[in-house]
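The structure's right below; bear with me while I get my questions together.
Should a chain be cited, it is by its letter among A, B, C and D, assigned in written order, with residues numbered from 1 in that chain.
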Amino acid sequence: MGNTFGHIFRLTTFGESHGPAIGGVIDGCPAGVAVDYDLLRRAMDRRRGGQSALTTARREADEVELLSGIFEGRTTGTPIAFIIRNDNTRSEDYDNLRQVYRPSHADYSYSCKYGIRDHRGGGRSSARETAARVVAGAFAQMVLRDKHISIEAFTTRIGSVGMAPDTVFDSAVADGNVLHCPDAKAAQAMTEALTQAKAAGDSLGAWVHCIVKGVPAGWGEPVYDKLQAMLAAAMLSIPACKGFEYGSGFDVSLPGSQANDAFCIENGRIRTASNHSGGIQGGISNGEDIYFNLAFKPIASISQPQQTVTVDGQPTTLQVKGRHDACVLPRALPVVEAMTAITLLDAYLMDKAIHS
Amino acid sequence: MGNTFGHIFRLTTFGESHGPAIGGVIDGCPAGVAVDYDLLRRAMDRRRGGQSALTTARREADEVELLSGIFEGRTTGTPIAFIIRNDNTRSEDYDNLRQVYRPSHADYSYSCKYGIRDHRGGGRSSARETAARVVAGAFAQMVLRDKHISIEAFTTRIGSVGMAPDTVFDSAVADGNVLHCPDAKAAQAMTEALTQAKAAGDSLGAWVHCIVKGVPAGWGEPVYDKLQAMLAAAMLSIPACKGFEYGSGFDVSLPGSQANDAFCIENGRIRTASNHSGGIQGGISNGEDIYFNLAFKPIASISQPQQTVTVDGQPTTLQVKGRHDACVLPRALPVVEAMTAITLLDAYLMDKAIHS
Amino acid sequence: MGNTFGHIFRLTTFGESHGPAIGGVIDGCPAGVAVDYDLLRRAMDRRRGGQSALTTARREADEVELLSGIFEGRTTGTPIAFIIRNDNTRSEDYDNLRQVYRPSHADYSYSCKYGIRDHRGGGRSSARETAARVVAGAFAQMVLRDKHISIEAFTTRIGSVGMAPDTVFDSAVADGNVLHCPDAKAAQAMTEALTQAKAAGDSLGAWVHCIVKGVPAGWGEPVYDKLQAMLAAAMLSIPACKGFEYGSGFDVSLPGSQANDAFCIENGRIRTASNHSGGIQGGISNGEDIYFNLAFKPIASISQPQQTVTVDGQPTTLQVKGRHDACVLPRALPVVEAMTAITLLDAYLMDKAIHS
Amino acid sequence: MGNTFGHIFRLTTFGESHGPAIGGVIDGCPAGVAVDYDLLRRAMDRRRGGQSALTTARREADEVELLSGIFEGRTTGTPIAFIIRNDNTRSEDYDNLRQVYRPSHADYSYSCKYGIRDHRGGGRSSARETAARVVAGAFAQMVLRDKHISIEAFTTRIGSVGMAPDTVFDSAVADGNVLHCPDAKAAQAMTEALTQAKAAGDSLGAWVHCIVKGVPAGWGEPVYDKLQAMLAAAMLSIPACKGFEYGSGFDVSLPGSQANDAFCIENGRIRTASNHSGGIQGGISNGEDIYFNLAFKPIASISQPQQTVTVDGQPTTLQVKGRHDACVLPRALPVVEAMTAITLLDAYLMDKAIHS
């Protein structure tokens, strides 16, 4: 229960942070897709630790071994399974966590639920699981790319440092900084904030904006599988994600007369004059850009001493060893893009299924 | 596709705003539950139009006819089906909508998806569908109430009028105004804003806060069926909902050292000293209060003239007749509570299933 | 749990034999299908009691009220809900069953499972539920018919009277008897056996053969959703069905060298010279006729006195009143065809979904 | 689509016969189960080739590598993933199959469905996939064994040689022959038939009987997830399985007055005097033994020359090289037991979920 995402394009993942391997099985990938190994490699590299001073020192090769579903460079329509070995684990770093619950981690709630937990590196609750999402997302991207659909996630806030609100996305600028932020000046301030937090053994929360271009009208299902509901579930399933808003989101300053998106004709095609709807109306895409914002809490693993309790209910002070980032960004960006791609491809295949 | 919610406690709904009836089927309701018809009636009354000057003049009896799954006042474990007749429809009010797409409604996206649409009152995309959710939510509440779990949703913002940020919830105050807002002064200002908007043929967006007390530690599944992911999907499936945040949500001003919830011992029980986690850690409840915020856009149906296009792609001006509220609140409050109850009961039953 | 069938074309049914109504919700029916009310009526008439001396005296009108999902004579792609009122119930006939478990009925196992049961007419376990399947099957047939797919079920055995094994199906002959048996002489003997059984207050088992023509190659999914697995589940879900075999089935007299279906070219098209595979290879249709056999046990409701026990565990003798058939045939024939149609349409839509 | 079985205890498998590995992911296994590696090993050994003269010469080690979901010898409630390397593949044996469709294999139907196929050893349609089922079945058995539930499958027919119909199962006798047949004399004749078929480059069909003892009353869901429907789907998903019957099955010689299972009191417990119901009434177990019969067609791979066509539609004669058994038995026996165990554990967990 709970380890599968999607209706037709379905990802099932497995694995603990410090077990032999993590991995996943993709069922429902269309047959005949030419596998773009470079696309997969690039996505994995972006998620992997060790690219910059901001990210963890655990340098995993993250070699993806593809086990099935591919024949002579093309998908066959059968399940695509893959594993990623956990070859740089230092489980002894976690020995002191066997008897203690780390604050704002899943240790306590997992123990309550299962009566047993793999305490090493968070076990199943580790963000390492997101590597499997990136693999599946890469396959989804291979299909979506052929439909001229692009997905771009970028940083808009780190702690109290926000991007200038009216920044227009410019990939040249975003590509120039590790946070993929289109506001170069803000990116610099964000990086400094992260450097300071890391030095202080602390961590920071962040915001992400994601924009999807090229989705045709008609994707998403009425009522419970509205496109925004599936996207929200996808995003809130990412570790540390605390909020999702799409289109105008939490900004309710405009009345309906101004918030409504008037339909108009542009180049002979029905468009909307504004896009407060975020590309989705009634749960179904309307052909405009789909965009949403996400909030991520500060990473719970910090090296400052913290008050907590032991598994026996004794107060104690915990100082976590190990290697940790000061923020889920930038590593969460490819995860956001992967979950977006998976959700959209699933919506596309669902839409295909219902037309006779 | 898309008309079923839940894994074990499953609600499937049907019906268009102006068809013969709407309704639903609840599968997976535990057997032996004493049916509390008053609880059901009260929930339906809160959602129904016509209770106050703020809500629509369409006064539907909303008589729920229970068709199955109940024997001598108790649930039998078999599907509970129900219908609600659409007996106060004035379809002729909608004749002018056959040839035109209403801005920020589902008209255009449904047409693109299905090639056919019931234009009367929004058809399947009408918020009238939420009445079926309230019925199912009432059954979920009957089970949860016996477990001493309470769910309370209330208004915190209407347009630009927000509740005082540090307001402590006081049901006596909240019960004193139709918006169920615990800040009496703000409630008054909100009501005035709504009255003005209605007079101007306009509409306003809103925020809702929902708090759940009494959920034990251990509900929710790892990874993709995290409790917050299921709640987010539930909420974003409600018409007009544009955003979801739980716990600290989009507020990322605190660093990890302050945002982390230290564990402590209180009355011999493991608790957290703060609750930025919103009662959920690693996707699983930790025994603290679960709380979240929602954003709702202004209702798209306004009586001011709007620019739009016909189904043939001709620009036109639309003036919508019919009966409409100026805001989804307060009528959306019982819907939020219903979807919360459905999600939590489903999580409870999922948790039961995995213990041998 | 358990009241929904299908993956994309999904039927959820509800209702007890003696409650207010039974019915169902079809989700995933393609949009734009012209509703053929005559097709629906004919299928319902075939399943309904009272057509001949062989079937029950409970003459229900079985009026199907369609509540949603249809607009101006066409399906809209939204759920099609329907109810059938239980308007000829004589619940007092069942008063003596409240305290006793009927042999080979679901009374005891339901009681063990739920701790509560609606004893009137079998409650949820009544074959009356199959009326809802016939409604959904009619919608599936409307789609399949346009693809030139035909489904025909007929009687091949009643008790110890079997059809001549080499009978070629001839609809003119089959249409000439109520059992729809293509062997006129056997049909006569079967009818006599049923008449005798009914007179003796007894019942008989039966076999059904079903043949599907026109399914193209490619329907069905590998491994767990093999076409034969979905068909078997569909058939074994019909009350009283005890066995399913397809193609050569339980006849294993031929060795592989004779049982294998050699491929050949016929009119420029790849065909098989024989069809021991029953039109399915590796779980996927191969373009040949799909055919299977079913076994149905004698109806458990007989009017002879039977030994049984009360709910309190006291031995007792039961004599069942009420109106019962002597065999599930011929009334089960349209149910078999309906479940076949539902399964095939679902397989078709699943196949569509996976092609990008 | 199609590669997952089960509702709560869910198995997803992957892998082709001649790819790098096959394997699976078990989601929903209860936490805290002590892993019995010997039980797993024994089940794998029974399914593996090379145990006797009757089975294939492909001697695979079938080393199961467990990748996740186990911590210090116990299940953790998180997904249990495993892989089995394909380390003894001789793909060159299959080069001549790239251009030709093998009779009664999945080659043609897969090609029609996907437009691409891995021709080596049947690819995804290979019975090698069943090794993954045996792994999952072993975990299910670990849970069921603690509930004193036993599952036993044995051979009752090979080709035209059947077990004496009134044979009482005696494990001492069954353990004495590789076919696990409780009729020693018949087992000898069956073995000879298989030896002759193998020598002739031919293959034979077979029947299996499976009996389950110890299932309490109450497992199985009404209507579409009846226990027999889930078992039938499980069995028909096994390669080469052509038929399923439970209880009295296709034998309809008895009228209802004799076929009904009278309830009686035995040792203070409600029992049935006979068991034509096969332990299931109304889709729900009634506490008696559950038993069913299966038919398996002759293995399609034979070494005699066969008429077939090339992928280009040219008639050709095929002589299959490679290593093949003459019958799916005895290797299919542990697969039948595994699928039975998976289905029953799933039914148990579903039953637990619906009680509040």
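The working rule: contacts are C-beta pairs under 8 Å (C-beta built on N, C-alpha and C of every residue); 3 or more make two chains touch, one makes a residue touch a chain.
Keep in mind it's a predicted model, so treat the numbers as computed, not measured.
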Chain pair with the higher count of C-beta pairs in contact (A-D, B-D): A-D
From the options C-D, A-D or A-C, the pair that copies B-C, where over half of the contact pairs coincide: A-D
Centroid spacing, where centroids are CA-atom means, of chain B and chain D in whole angstrom: 46
Averaged-CA centre spacing for the pair chain B and chain A, given as whole angstrom: 26
Separation of mean Cα positions, chain D and chain A [Å, integer]: 39
Numbers and ranges of chain A residues touching at least 2 other chains: 1-4, 8, 13, 28, 31-32, 77-78, 113, 124, 222, 350, 353-354
Footprint of chain A on chain B - complex, ascending: 1-5, 7, 13, 101, 103-110, 112-113, 124-125, 129, 157, 159-160, 197, 200-207, 216-226, 228-237, 239, 241-257, 259-265, 268, 270, 272-273, 276-278, 280-287, 293, 295-302, 304, 306-309, 313-315, 350-351, 353-354
Residue ranges of chain A touching chain C (in the complex, touch as defined): 8, 28, 30-33, 77-78, 143, 146, 222, 349-350, 352-356
Chain B contact footprint on chain C (complex, rising order): 1-4, 8, 10, 12-16, 19-23, 25, 27-28, 31-32, 65-69, 71, 74, 76-81, 83, 113-118, 123-124
